[in-house]
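Working notes for the structure below.
Going in written order, the chains are labelled A, B, C, D and E, and every chain counts its residues from 1.
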Amino acid sequence: MTATVIRSTRGSQAVIAIAAALCLVAATLPLWGEPSWMREFVEIACYLIFAMMWNLLAGYGGMVSVGQQAFFGLGGYVMLALGNFGGINPFVAIPLAALVAALASLPVSKLAFRLQGGYFSIGTWVIAEVFRLSIANVAAVGGGSGTSLTALRGISRSTRENTTYWVALACVVASLALVYLFLRSKQGLALQAIRDSEVAAESQGVGVARMKLAVYVVAAFGCGMAGALYFVSNLRISPDAAFGVNWTAFAIFIVMIGGIGRIEGPVIGAVVFWALNKFFSDYGTWYQLGLGLLAILMTLFFREGLGGFVHRRLGFEMLPTRRILQLAPPAAPATASRLTPEVTA
Amino acid sequence: MRVDKVSKSYGTLKVTRDVSFCVEEGQTLGILGPNGAGKTTLFNLISGDVRIDSGGITFAGQDVSGLRPHQRCQAGIGRSYQVPHPFGNMTVFENLVTAACFGARVGERQAWDIAAGILDKTGLLPHANKPAGSLTLLNRKRLELARALATRPRLLLLDEIAGGLTEHEAAELVAELKRIKAEGTTMIWIEHVVHALMSIADRLLVINFGEKLAEGEPVAVMNSPDVRRVYMGLEA
Amino acid sequence: AGDGIFKIGYVSPQTGPLAAFAEPDAFTLEQVRKAVAGGIISGGKKFAVEIIYKDSQSNPNRAGAAAAELILRDKVDLVIASSTPATTNPVADQCELNQVPCITNDAPWQPYFFGRKGDPKVGFEWTYHFFWGLEDIIGTFSSLWGKIPTSKAVGGLWPNDEDGNAWGDGKMGFPPVLAAKGFKVVDRGRFQSPINNFSSFISAFKSGGVDIVTGVVPPPDFANFWNQAGQQGFQPKIVTVAKATEFPASIAAFGERANGLTVELMWSPAHPFKSSFTGQSARQLADAYTAASGKPWTMPLGLKHSLFEVALDVLRRAGSKDPAAIREAIRGTHLDTIVGPVDFRKGPVPNVAKTPLVAGQWQKRGKGLELVIVDNSQAPNIPVQAELLPIKYG
Amino acid sequence: MSTNFLQTAGLTARYGDAQALFGIDFHIATGETVAIIGANGAGKSTFLKAITGLVKVAPGALTIDGKPWGGRSPGDIVRQGIALVPEGRRLFPSLTVEENLKMGAYAGRPGPWSLARLYTLFPILEEKRKVPATSLSGGQQQMVAIGRALMSNPRLLLCDEISLGLAPIVIKEIYDALPAIAAEGMSVAVVEQDVMVAQRVSRRLYCFQEGRVSLEGASDGFSREQISQAYFGIQT
Amino acid sequence: MTETIVQGLLLGGLYCLFSLGLSLMFGVMRLTNIAQGDLIVAGGFAAISIAPLVGGHFVVAGLVLLPLAFAVGYGLQRLVLNRTLGKDPLPSLVVTFGLSIVIQNLLLEVYSASPRSLEAGALSTGSIQLGEELFVGTLPLLILGVALAATLGLQLLFSLTPLGRAFRAVSDDREVAELMGVRSANVYAIATALATALIALAGLFQSLRTTVSPADGPLLLLFAFESVIIGGMGSFWGTFVGAMVLGVSQQVGFRFDPGWGVWFGHLVFLAVLIVRPNGLFPKTKG
């Protein structure tokens, strides 16, 4: 039997086309935009990548980590060390730093995976603290006081800013594409299966332990990348800034607003977060308090998030991962007009 | 496939005691026994969901007792659960695609074809794009079977898939199982619906209190006084 | 439309553990805004002055981001910042990278300069700082400690942060100088703040015969130390710990046991200086603050005030919004401020100007405690108000 | 004395999207013993859960003493004197035998049953009262489960497959205790897979099939064939 | 060395108070309260605010604070946390995490970032001399005593009273417990109320022993958490011992090098996790 499977709709194709066009326009931003826009983009890009990784872990892998800042900070410090001491261009050091974070997550997972549920969350936090305290005792990177990235001194401001911006854009597009393709692939199926029932997934041939580890490592890679990127643009690092739990706090906020367990969730959440930040961040304490409250209210009363809401309203998924089996291939013109078969096997 | 003196305890409760049996390739073994006799536990031991305390399990000449469940599945042991465990948020079709991709280790495209074929055969095709969580119990049980089939098993473990079926449905199921059997698949089937089991099993195994009570040719087993008393509750 | 307006960006830790430093901000800003309400004359033209105030949340990360926002979004002409290296360093780093003039204070110059990997031969291009340095505080403290007979054994409480690392540094910090002056230093190493148990310090201090305790310690840690010292019967004669005992609010938390604590004093109502733009004396400024806020005076009041004094002076002399012109004006600063003269031409290293430092002691005056000057060895022009008293134990 | 103190009319129940009961009409009189039989998944347990409030039903679907009680919390129902011995015993593992029994009295209904009286009924439990409940043998655990339900001094005792996983001899022991328990005018409804036992202990009998009542009437009024028919929907 | 251990045990007393509430809530509801540390800090600030209103003595402040905290905890569980319970741990984690942020910023707004402490009078520096060089502070000793009493009290409550049975029963099998007439929503609320009272007590002692400031919460949570895991989940004596182990480990770390004390505590925690994933005294069921 030959199956016809639909993997995207007109709507979702339009979304992807629009996104691609936006990316192209965005790539030319340094030619016509304000430097401050680039700066804002880079910052929000770091939050977005971090939040996407958290979503992958918590929303798809069922691992609610409060310690991803361990890899964020590690990424930042490795980038700095490579740049300041290794003489490597910090932009080149970003992927290397992400790689180191991914490698570091292997032994870390051995510890963290011994805990489940809420204990996993706080356990990962303890591990992040161990990272923070360890780095804080390394005098070469300034100990508890932190240090500055000197490797970029001497490069003109506009070159530095434009490059940072392009690198950030590339990182965001790459992470989004990676997550999207991953979730559309076989592995994505396995991940969803694990989320629904670990026992059954295991009995259907899915290597649950390996899959979870893979997700954890990928998330560490992404978080490390976000961290390296952030500190390339920020130029100053300290253990408290790099390993602060507020990174995870913002990620949780972004994901809960946008909709947990959906690819577009963090993107929507990040846009909302950016807007809130722009208009309210000067309210300091009250702003943060409001974010916390909003996360609570979303969880209690609006768990699908904005992404879920939009999905219900639009009637189609913006970035679908589903496989819809076309039931009667030749007939059913009504469906065919709405749905476009993408792949036929 | 052979099971050699396997035992399992939960705390002080010995659920399986030194059970041994073997199934020839292509044959169908039926397992009977009162509730809580340890039948499902036996399946859990074979599929690897639960580790055995002692004894060994050999499948197709390979000792599988040390393998993880997913490895056993990939080795060809497919199972369905007594309490259905569908991937509730995925569609029925995706449930099967997952099983085919990872259990039978085929590529996506091929998995689609396998999945669609099995859906057709098991009558789930109309439900293909529904979330599995929205199925009725009956269809969930069908899905259990379909998903197990999608892993292309050489040995199929079926846990009470006929329970609650009407006469007509049960007959259809038996016919389907006979087809599967004819393709050369080995089966072990736990079932309380005795007549359905009788119509397909080559041999029967009766378990009581984690121990083998009787084993052998179906009619002979069913007529043995022990079985009539313990299982059917009939004073022989 | 920015012509004719000088924009000053101001970063300060309004919230977070360092918030005590920002307590006088509201008062200072109001005072400055009133003073420049009619604009200032620079290069013969009239400029309005706009001040944009950002919170660092006591987080170096936020401080850097706030500076970047000021530079890139608000397009400020001059960035100023103050209160600990955690604020000054990231802000100055941002300014240096974005080529915007920057003036900071209220952080010893060594953590500022060397903490930012500055080279004494080269200096920085855009960023300037005025405050005292470790040589002043070491000088003041050692002079202070010589005033009464002690065992000359000094116990150090230096945490693992910007300040602690600089103060306790084996080459630039307290230990070598104290050793040269005949003090014995008992240093158990940098501790990770917050820390809730000092018993290992206390037993080391006791066995080392320590009579003098010094350090630069966040208030909660010091509270722990001080309580536990009491419990363990450790009774040093002198306790001179920076940060923890600088602020009336944290002193109030220690209650009676704050009596006799000593601290470095960078500004007080008794300082014989006047504001360059309000003409107030130090006493008048303190009184005005107390009248407006109902709170006792605190050291950052003078420091914040002086920061704006320098900023406004620089802008008056700059003559235009050109960053280079503003930078030249900073370089040429020679101004008598409420914390003393600021002169960037002399500095110990490029980009740094020094202001005077004395030492004070919390002494019982009437019902409450008051911070009075007890040592002026490093700044003889500031008069001493009282004798140093050893801490009394009831 | 055929006052039907508890009655259901057109009772339906669902688990999420899956409907499990499709309009059950059931009644039981004070002092009456009724059996419910049916295949796996027929909905027997669900029916008992619906009565006790664990599964939500429409207010009018369940009447106690002529008043609607559907949709109330399990606590409200137990205070009305309806106690359930749940399927699979479900003792509290971290409580001792005696603590488990005391939990039964949590609702505080006055009545004849006390720890002392239970211990005379099941002396073995007094011996074991300090040990964790789950370390008992299956039959003893079932005694605890029954005792726990009795401690609430119910007017109606619902027993869900209390013979599950028990040796026939133990089953006999427990069912022999039932008349003594019911002697004081307590109603009893037993769910049982073993038809013979069900017929023996009850006065009337309901047979469930796929969420519907397929047979109802006096227990001794049915032939084995009739019951098989109602049970599986097929001829054995 | 003796001194290090004695000091470690005294520190453990405080950690034990930090962690009992966490242990209780997890034991009854499988709920991990990320706001634990911030609630402790809030308790400390509440005590500081109440003390001057009732004449300044901390004992009186405590007597006012405890019922107040009980009520707050009851309301919190009834109105907020009960909605998050279920098989999926995510909602309760996100909500308590959000709560932690809300509490921190609320405290910052109300009390500012300045650290504050509760006046303990002579108690704060009082001590008992045990050996030539061995002083034991009266206040830490009192805290250890209270921790011991609280552990014992909880253990007795759980093992001897109907409420304790209900706690355990609901934790084992909520559905069947409801069949017995237990109102689980209410039982949960009482558990959280008790936990919150303990948390407030911990906060009171924290503000007596040292200072509290709004940003302190997360670290306190980690200490509480480590105590619970080291001891083994769901047993109060385990938590007590876990707190002692953590206190002594940190103290040993400090003795070795003041920069590594807390770090060493974390390391011991991770080591326990590797060697005995279920803690030193896991609760055995069945």
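Quick note on the criterion: contacts are C-beta pairs under 8 Å (C-beta built on N, C-alpha and C of every residue); 3 or more make two chains touch, one makes a residue touch a chain.
To keep track of the chains, here are their UniProt names: A, E = Branched-chain amino acid ABC transporter permease; B, D = ABC transporter ATP-binding protein.
No experiment lies behind these values; they were computed from the predicted model shown.
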Query raised in the report: From subunit A, how many touching-chain steps at minimum until you land on subunit D?
Result: 2
Report summary line: With centres defined as the mean of Cα atoms, the chain at greatest distance from subunit E is chain B
Query - Farthest chain relative to subunit A (centres taken as mean CA coordinates) - result: D
Requested in this report: Indicate the whole-number Å distance between the mean C-alpha point of subunit B and the mean C-alpha point of subunit C.
Outcome: 76
Query raised in the report: For subunit B and subunit E, what's the span in angstrom between their mean Cα positions?
Result: 49
Query raised in the report: If you average the CA atoms of subunit A and of subunit B, how many Å lie between those two points?
Result: 41
Report task. For subunit E, jot down the residues that touch at least 2 other chains. Result -> 108, 259-260, 262-263, 286
Report task. Provide the list of subunit B residues touching at least two other chains, using ranges where the numbers run on. Result -> 11
Query raised in the report: So which bits of subunit C are touching at least two other chains?
Result: 15, 160, 190, 192
Requested in this report: Spell out the residues on subunit D that touch subunit B in their complex, using ranges where they run on.
Outcome: 16-20, 39-42, 134-135, 138, 161, 164-168, 193-197, 210, 232-234, 236
Query raised in the report: Hey, which residues of subunit B end up touching subunit D in the complex?
Result: 11-13, 34-37, 133-137, 140, 160, 163-164, 166-167, 170, 192-195, 209, 229-230, 233-235
Requested in this report: Please give the residue numbers of subunit A that touch subunit B in the complex, ascending.
Outcome: 1-3, 5, 185-186, 189-190, 192-193, 195-197, 199-209, 322-325, 327, 343, 345
**Report entry** subunit C-facing residues of subunit E, complex
**Finding:** 3-4, 7, 11, 14, 108, 112-117, 119, 124-127, 129, 133, 135-140, 209-213, 215-216, 219, 250-251, 254-255, 257-263
Query raised in the report: Which part of subunit A faces subunit E closely enough to touch in the complex?
Result: 58, 64, 66, 110-111, 114-115, 117-119, 121-123, 125-127, 129-130, 133-134, 136-137, 245, 249, 252, 256, 260, 285-286, 288-289, 291-296, 299-300, 303
